[in-house]
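Before anything else, here is the set of structures, which you'll find just below.
Below, chain A partners chain B and then partners chain C, in two separate complexes.
Moving on, here comes the complex of A and B:
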């Protein structure tokens, strides 16, 4: 990666006021990520680990309590009002639920038109031309523009939502599980659409998902998130082949196998129990309460990030051993 | 009428009766001056207290005025006053509610505490207090009732506005960088008005009753303008000798109130079919199938 990142997130922290007085839910804690132009990056983790909150904070739907979001080197936290809205427009978000992210009262044409107006396209002819182009890009016929969004199927709605995001010429697309609400046959189509658009328009894409197979297929790099922190990151091939954080290992091992004979052979402790409360996160390493390898030291300090291979880091004291295969979270060994 | 048949055919009895009653009420109210067969204010003491006859279909009152005409003109009075009360109340309520729902935080807290205070005082008492201070009269009554009514629509609009604001389509607009102005006027306000109108239908009956109550007490619409509540109080001395004079305006009022309540409930429960929805959907479904050019993605 020689060129500059298009999106740089530095030590981002998002806290919500807890129902318990004076306490906070640490949804995103000290997260730094980078996106380079035109790449697809996966963000995986269990439900409730803060991956959606991270995405929402980046686009400004949640307020960051500290940290910076830099888009093309411009610090968005330093901007406000119309200047912020104009700059942040290059950062778009694709929602998980294609049913509620469009206004039922609008037709497809109106929804896309509105995005174009917001983006400052004044001439109606130009907007019509762009609408036609965008619908074509997402594989919908131009005639759809006169239909109300409520008349469309989930897959069609998601295409419209994608077309609307693309209307403002984004540099970065944050996709929050964009296909998990769609059924399997449509999922593949929309996924292919994503890959094609990303290639054609070279938009950088942060792909938030819990479907590990999907991320492996689509993403060039992967971040693994646990309880508000990034625990491991790396190129997807490398990370899927040599997961070096106990959590990543267990997460990957918990993917069911299609073949029942292979499934039977799957061994080792799979992820048990639930993610601890982000209101009172465990001290030191946050995964230690569920980690089969945890030692006393894990509770005392946050494990440093170990560089294992080019661009591959894991935040675990045993990361080098895990990476080299000398140790595994899947076969329980008393430390 | 033929176009209405498919809609009416799919409704059960109560909503149908309510729809017809309210339709009649609105039609009578709107066209009252042209529909009333005689001048509602012309007195003829020689014909006072007559029962139904050829000249006066529903008889006359104690001053010899034509009851049928007065009932029709009263529908107009009632419709206009209820319409103005709800119109004013909902304008204030929706404005307050959507602002609270849009901003949340301390603006929300402040406005909703004002609404709480308004709601904690019975509406008729607020209206009586205002009328007591300003003095009785048509517009005093309308304003007094509107003042008593807005907190309820404020509360409802706020709830609707909060639910609209939390919907992802508003978040999508924020991500697109839409101005607050655009979000408020193009998305929040139309959505809230649509939803609150449903509640207004159910509320109209109560408002009609309140107008009649105040007029009955002599605090609302003043004679000689015909009004149901006022016709009731005029006829009260003759309750025993000629109950017809009390029963007719009473029945008219009851029909309007029950009609509005039932209609409001039916709309809220989705028992009133939206015209043409089914046929349009069927026709479009065929077309929808052809929209996606799935082949493109199968590369």
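Moving on, here comes the complex of A and C:
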């Protein structure tokens, strides 16, 4: 792996005007992440935590209020016109719903052709050759190109959507819940496609998902997001084995077990309530309103990020204790 | 103990006819649910799990002709063949429903208190005042904080979890004996899903209701259900107690589904296990086993005739697979 990140997000902030006059929705607040070439990185959190907004801001679907997005070291906000369009092409987005992201009236060939034309491939023969190559890469037969996208199953449509985003030779794919709309038996096929693309094309992939087990297996590193901020980050194995933010601990513990013998033994406290409104986020640590370990200090200041292991950080005052197993958010606290 | 199951479904077949096409989304499925029991019906989209539960109660889209055959007995009363007004006496009263998407299940322009009270007025003949009081009790029962203020709110003011709790309160308003929950946690986060599942399990035990939990997620089954029916392409593939079927799945499809769930021991970056191929599209009934084209164990006999549901070695579990059942005979 090279040591220059292909995508670097620095202190990114995305705010939306609230319906309440003079107030703002702080959807993404001071987030910094890095993606290296050929790496799958997970981004997990509950809905409303800002993970999709972060992805959309990176590709330019939302406007950043402050902070920078650097692609190969070039600040995208400093670019405009043709230079910006060229850079953006390297950043592609795979949407969650394979039914609404394709035009029903287009054939598969037309849908892919459109992307190739935008990319500047003029010769029809060349476009045909690329279409064949792209369909092959995503595991579809060439004959599919004459079918309308509406005739395809969910899994096939998601493959077409992926082929379309690959048509412009991206360096980074932002995948927003790309398999959550697919059936379980099809999900593995599409996940394996992502693993293969990462190996064969060394595309870096930011994998936004709420399925924690899926992310663990696919991603080498994981970011945990809560109410607009990254609360913990680390290599997957390390983070899943030693979650060191109370939120990560409770999030991981809420995944149900398939084996009834194990499930019946589960009795930890549940993470109660839901993500508070990002219009009025809690002061200090944003998780404190739901945290079983919260102390007065948590309301006063934003907890510093503690380095716990190589590349493993958590923003909680108790992170070293939680990492070392001296404290846990999962045992019932004395009242 | 209760001898007669509360709900018993026998050889239920549903045919849907539109002006253009005829499909059979449910093909000869049998199961039963006793009082105080929870049955999970698991299957992928298009496997017929929702139609199977909704069609006998008249909950089908308009413009579709629904033909039912077989038998659905609820408290000893046959539901198939009842007229719409007769079915309406059950629907929402002794049989409550929870739908997948809590936003579209609620009326966006009416306060939630009214929506809950309306059910009590309709099904329990309560006065508006008594119904309001009952709505308050129900909102407390489903664990909504600050209940009296919540009753005056509109659905859009509530979070996804609170909306689903409201839908549950509405379902409970008619004092149902059977609760049919169609993907009740699919639209929710994993943390809220855990809360809602715990609430449903708790209510079901406290009110001694029967529950049918329709889901595509094997993960939610273990914690909530006693028994399970696994559906594949309109038919039941395997049926039995959860602690047997999930621990020792017999049908190759059930095995594949459980095997496809990522596990903690799987190395990072390793291939995901899955099933090859895609489920069949609904159309003409399939002669043999519908799963045969995707099955590793398939033999010639699988494509010739439809495998019957037969008891496995453990007679509490039934499997529709000739290979598995033949192996049992030889053993």
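Basically, the second predicted complex is superposed on the first by the 329 of 335 C-alpha atoms of A that agree within 3 Å, B and C clash if a C-alpha of one lies under 4 Å from a C-alpha of the other, contacts with A are read in each partner's own complex, and residues count from 1 in each chain.
Convention: a residue touches a chain if its C-beta (ideal position, glycine included) is under 8 Å from a C-beta of that chain, and two chains touch if they have at least 3 such contacts.
Given the structure is predicted, the values throughout are model-derived calculations rather than measurements.
Visitor: Putting chain B and chain C on the same copy of chain A, do they fit or clash?
Guide: fit
Visitor: Identify the partner contact of A:209: answer first if only chain B is touched, second if only chain C is, both if each is, neither if none is.
Guide: Once the two structures are laid over each other on A, A:209 reaches no partner at all.
Visitor: In the overlay of the two complexes, what angle sits at the CA centre of chain A between those of chain B and chain C, given in steps of 10 degrees?
Guide: About 70 degrees between chain B and chain C, seen from chain A.
Visitor: One more residue to check, A:118. First (chain B), second (chain C), both or neither?
Guide: first
Visitor: Touch check for A:100: first (chain B), second (chain C), both, or neither?
Guide: Once the two structures are laid over each other on A, A:100 reaches chain B alone.
Visitor: Please indicate which partner A:237 is in contact with in the superposed arrangement: first for chain B, second for chain C, both, or neither.
Guide: second
Visitor: Report for A:46: first if it touches chain B alone, second if chain C alone, otherwise both or neither.
Guide: Once the two structures are laid over each other on A, A:46 reaches chain C alone.
Visitor: Which of the two partners, first being chain B and second being chain C, lies in contact with A:192: first, second, both, or neither?
Guide: both
Visitor: A:172 contacts which: chain B (first), chain C (second), both, neither?
Guide: In the superposition, A:172 touches no partner, neither chain B nor chain C.
Visitor: Touching A:61, do we find chain B (first), chain C (second), both, or neither?
Guide: First partner only.
Visitor: Return first, second, both or neither, reflecting whether A:33 touches chain B, chain C, both chains, or no partner chain.
Guide: A:33 sits against neither chain B nor chain C.
Visitor: Rounded to the nearest Å, state the minimum C-alpha distance from chain B to chain C in the superposed three-chain model.
Guide: Between chain B and chain C, the minimum C-alpha distance equals 5 Å.
Visitor: Under the contact rule defined above, give the chain A residues that sit at the interface with chain B and also at the interface with chain C.
Guide: 153, 155, 189, 192
Visitor: What does chain A use to touch chain C in their complex?
Guide: 40, 46-47, 153-155, 183-189, 191-192, 195, 210-214, 216-220, 236-237, 240, 250-251, 254-264, 266, 270-272, 274
Visitor: Touching residues of chain A toward chain B in the complex: what are they?
Guide: Residues 59-61, 82, 85-86, 88-89, 91-93, 95, 97, 100-103, 105, 114-115, 118-119, 139-141, 143-144, 147, 151-153, 155-156, 159, 161, 164-165, 168, 189, 192-193, 196.
Visitor: What does chain C use to touch chain A in their complex?
Guide: 44-45, 159-162, 189-195, 197-198, 216-223, 242-243, 246-247, 256-258, 260-264, 266-275, 278-279
Visitor: For chain B, which residues are in contact with chain A within the complex?
Guide: Of all residues in chain B, those touching chain A are 167-169, 171-179, 182, 186-187, 190-191, 281, 284, 287-288, 290-294, 296-299.
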